[in-house]
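Two complexes follow with subunit A in common, the first pairing it with subunit B and the second with subunit C.
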Partner chain A sequence: MSAVAIPAVRRESLWSKAAWKLARDRTGMIALAFVLLYMLVAVGVTAGWWAADWSEVRGGKWEAMSAAHWFGTNLIGQDIFARAVYSTKTAFEVGLVVAVLATVIGAALGAVAGFFNGSWIDEVLLWLMGVLDSIPFYLFVAAIVFAMQDNPYAMHIAMISTFWTSVGRLIRGEVIKLRGLEYVEAAHAISVPEFVIIIRHILPNTTHILLVQATIMFVSAIKSEVILSFLGLGVKDGMSWGLMIAESSQEVMAGFFNNFLAASVLMFGLVMAFNMFSDALQDALDPRKVG
Partner chain B sequence: MEILQYTVRKLISGIPLVLGVTLISFLLMVYFGPDKTYELLGKNPTAQEIAEVRTQLGYDQPFLVRYVDYLRELVTLEFGNSDSTGEDVASLLARTIPISLALTGPGFVLGNLLGVLLALFAAFYRSTWVDKAIMASAVVGMSISFLIVIIAFQIIFASSYGLGWFPVRGWSVHSFGDYLSYVAVPTMAMVFVALGYNTRFYRSVLVEEMTRDHVRTARAFGVPPAKLFYKNILKNSMIPIITRVVFSIPLVIISGSLLIESYFGIPGVGKITYDAIISGDQPVLKAVVGLTAILFVLAQLLTDILYRAVDPRISLK
Partner chain C sequence: MSGRDQIPLLDVRNLTKYFAVRGGLLRRVVAQVRAVDGVSLSIGKGRTYGLVGESGCGKSTLGRAILRLHEPTSGEVLLDGHDILKLRRSELIDRRRRMQVIFQDPFASLSPRRTVAQIIREPLDVHRIGTAAEREERVIALLDDVGMGAEIRDRYPHEFSGGQRQRIGIARALALEPDFIVADEPVSALDVSVQSQVLNLIAGLKKTRGIAFLFISHDLAVIQHVSDEIGVMYLGRLVEHALVDDLYAAPKHPYTKALMSAIPIPDPKTKRSRIILKGDVPSPMNPPSGCPFHTRCPDVMEICRSVVPATINVGRKDLPHHVSCHLYS
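Up next, the complex of A and B:
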């Protein structure tokens, strides 16, 4: 390998431009800081730095806010703050697992459908996406939970199998567009295998779509998790904001709001920050938008 | 005549989709669903008794026969009786669906109308503070979970800790006044949740239409703003708007009512679905899942046909 001197000219790519645009987007950066803060909290819970005692009974019933219990205690005297913090981990876990897997599956199947556009493979995949989109989400989750009988991952599986279709459709459209470009034709002409063309030359050009879609799905997964856990279809062991809200639905009628507020405010903060970050990312990666 | 042919052709093209959704609900609810053999048997059943019950439930039939049976149930609406209440599922649905429609209808209509209105404002005052304020509120609205909105609105408008204007929960409707008081809080919650998403979506549609070349040309030719707006912008925006509205009908009615009805204790189709999920009531679940999926496919076909009515560019071929 001969060392080639890299010219000192700043190369402008979609990524460097996007990063520069994102860094200048003040709302986007504040949102990102919040997301990272939440992530740190979640990592800390996983590592056992804090909130490890979320399930221990450490006080009386419905204690008010105090130095010992920042958000008070719940019906049986567990610390609400610790439970809310622990739930951050659950939210990140569900969000990450669902967003990553749904993106990967959507990208793979969407790329295959787009690449074989017009053949039976495309037809079958389009049919599958149409079928999955036609079943209302909560019913689909209920059906999977019903069929899988208390499997703790029923919720994840249900979300992944419905979320990937939106990514799949977008990638399919993009791949159909890219497939007609000269550089893919050139790859065909020098007989690069089709599999390699998809993986090496087409999919990397859809990364900006995947990134934005993953952030959108992360938010949807967190929001769905809370509602599903509330309905008793989601998180079974462990703690989640949805379970806290389920607990609180009796308490609020008795005038005790701490449980409800703690879960709601923490969840709102994360979803809001992620939504704003997702918007900023979309703006930064959209080549049609100038400046 | 032409439109009739088109409709028939569209209906035929919907068949694979209907078969697909029914196949999935069949697989999940019936084929891989819970085995009900032992629920119907006494203690220490003999092998013969087990076999009898399995024949009675149709478990000894091959896959295809059972699937076709399920399809027949969906067509004839004979799902048998609910496991938990013993009521005939078809009459259960006939009793509960009108309640859900009455419950979710106002919120659905208002949520879309207000969404379009706000989007018009935002698009009209694009890049000014009006637009920015509306869009920022939309993001805030999108970030609050439906669940939190429902509970918060219940506390604010219906509980003794808040204003206490409306009944806390339930559904005892005997007059139009009753109806209004029971539907108020759920409607407000639905509108609040839908508004953020709707406004964002409709604004992006409207802005895209407003920035098209033909709109600029028309403006340059001195077309009055009202006419320009109605003829060149709103009419062209109708396709994505119709798609969104029609597609969300089955989702709003089922998913929306599931949460609202189970929380407010309203005896609609969402409540019986929720109860069926919790108690594992298979006849109710397979009916609801199968029928909504079919409804959704029909809604998709309806949009395709409506496109034709709205947009002359879409050919019938």
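Up next, the complex of A and C:
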């Protein structure tokens, strides 16, 4: 930060405090290890290190687990393990894109609404959130997917445009609280421009909410992706756990469970680990909890 | 003592701040809270004007309205004869350099995620004063002025006690070298032992830098200690104003008398009749007709219930003592 030669004092920022608290939370750290493992798998798929042959036909119909095909093969002889691994990338991509964009949009619009609380800007934004919230989610997604024929990001757009409202409302409430605090008044008194006040003095004090909300949305996005893909509204070109489960709907009747189990177990593991990590993060970032 | 012919640094005329209470589906204005109701006062260069009153009487709102932290409903605020309420936002930025504020709660007045140096530097950055290196030096000098060392510059507010935080807040207010500071209950949240340190710091600044203060407090002992003159506020109005010795020696308004009688005397042999006020402060949403104090006044007369008393000077012409009460008209 600063290069002025001042005797070094041990600096304990609020962030390093939270990081220490998180590091001492054993469940949280185990969950984080799992999340990182999944992430590594996803990165490897993106880089082409593994599962690049997920779409190739490499065996017979419904082969059982073996050394060659760890989870067996599907109806047309594709390797289920490769497909499940490849789907991890899809899940991460959907989760990250939706979580990051929905958080950014929610934070920005929520902060503006809260800062201009009581004015027409706030009214318009609240009205917009209310309208988006009142449309049933799957109906809304279906409408967007049909309207944006063949666009691979239709699902992402649908999720982002509905998920941001919950972040927006939380941030709006927090900003209304922060706006009345004396350090914001002090910033007004020294004529800090309003835009700078929002960016410098208000939003940084909402990051604990944003981080936790982003992890929650990451999980919801993955779950929604699975359901949407199952319904045929999600991933179009590529593979996802939802598509695998959709595929398995015929196989399960015939007594072949590999597709279903591989997709469900991998998704369960990621969602569970991320939920537990998000809980630990919430505890660590809560300044009222001493740990 | 300031001469009579001197133009006051700050002249507040008939300042009013109403807050609209909205209700119903259409958010229509259903009532007005008259937080500040036609207050006039003036403060000379380097003088300290103490403002006392119960909580909720509009003291803080008055301070914030003068600084335009709350936009006043009507009235004038003249700084060196120029009305700052007529300035556009962009013009106001320049004037703000001359008026600053110190807040009551030292735990809420410093941004928790910014270092001490960042907090004190911010006014210099916003007003583009000096080069980066000069600003750094200035921060160190300001910390020194409020009795703190340079080594704390990279620490965060939560690492300090209330008194230390209040010093940091004062350093921020001093950064722009203002002529006038609104001190909004600057010591109310501090321990008594720390209060005197901060009060001495403020008194020292007044002496060395000639800064004028509007010192808001509900503590009569503190206000007597720091002020040159005192205004007593009740329900959004100034009911009495005089030089400090004059006011404490001979309070005129029944409300001021009641306040004075509540000051403990550290002598068990001294007996004094204590005036106990009946009831609570009326709601500023629905203030009483006539004199706002008539519902609790021990000397209430018939006229008080219907006619708002005018402010008159009961002191000498060169030594004014203003009071708004029918007992003196």
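To be clear about the criterion, the second predicted complex is superposed on the first by the 279 of 291 C-alpha atoms of A that agree within 3 Å, B and C clash if a C-alpha of one lies under 4 Å from a C-alpha of the other, contacts with A are read in each partner's own complex, and residues count from 1 in each chain.
Heads up, the rule we're going with is that a residue touches a chain if its C-beta (ideal position, glycine included) is under 8 Å from a C-beta of that chain, and two chains touch if they have at least 3 such contacts.
This one's a predicted model, so the numbers in the text were calculated from it and none came from an experiment.
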Which superposed partner A:Ser249 touches (first subunit B, second subunit C, both, neither): first
First (subunit B), second (subunit C), both or neither touched by A:Asp279: first
When both partners are placed on the shared chain, which of subunit B and subunit C touches more of subunit A: B
First (subunit B), second (subunit C), both or neither touched by A:Asn205: second
Which of subunit B and subunit C A:Ile135 touches, first, second, both or neither: first
A:His188 touches, of subunit B and subunit C: first, second, both or neither? second
Which superposed partner A:Asp53 touches (first subunit B, second subunit C, both, neither): neither
Doubly contacted subunit A residues - partners subunit C and subunit B: none
Residues of subunit A that touch subunit B when the two form their complex: 127-128, 130-140, 142-147, 149, 223, 226-227, 230-233, 242, 245, 248-249, 252-253, 255, 257, 260, 264, 267-268, 271-272, 275-276, 279
Residues of subunit B defined as touching subunit A within the complex: 16-17, 20-21, 23-25, 27-29, 32-34, 139-140, 142-148, 151-152, 154-155, 159, 161, 168, 250-251, 254-255, 258-259, 262-263, 273-274, 277-278, 280, 282, 285, 288-289, 292-293, 296-297, 300
Subunit A residues touching subunit C - in the complex, by the definition given at the top: 1-2, 4, 6-7, 9, 11-14, 181-183, 185-193, 200-201, 204-205
Interface residues, subunit C side, partner subunit A - complex: 64, 67, 69, 92-93, 96-97, 99-101, 103-105, 108-114, 117, 122-123, 126-127, 136, 150-156, 158-159, 169, 172, 175-176
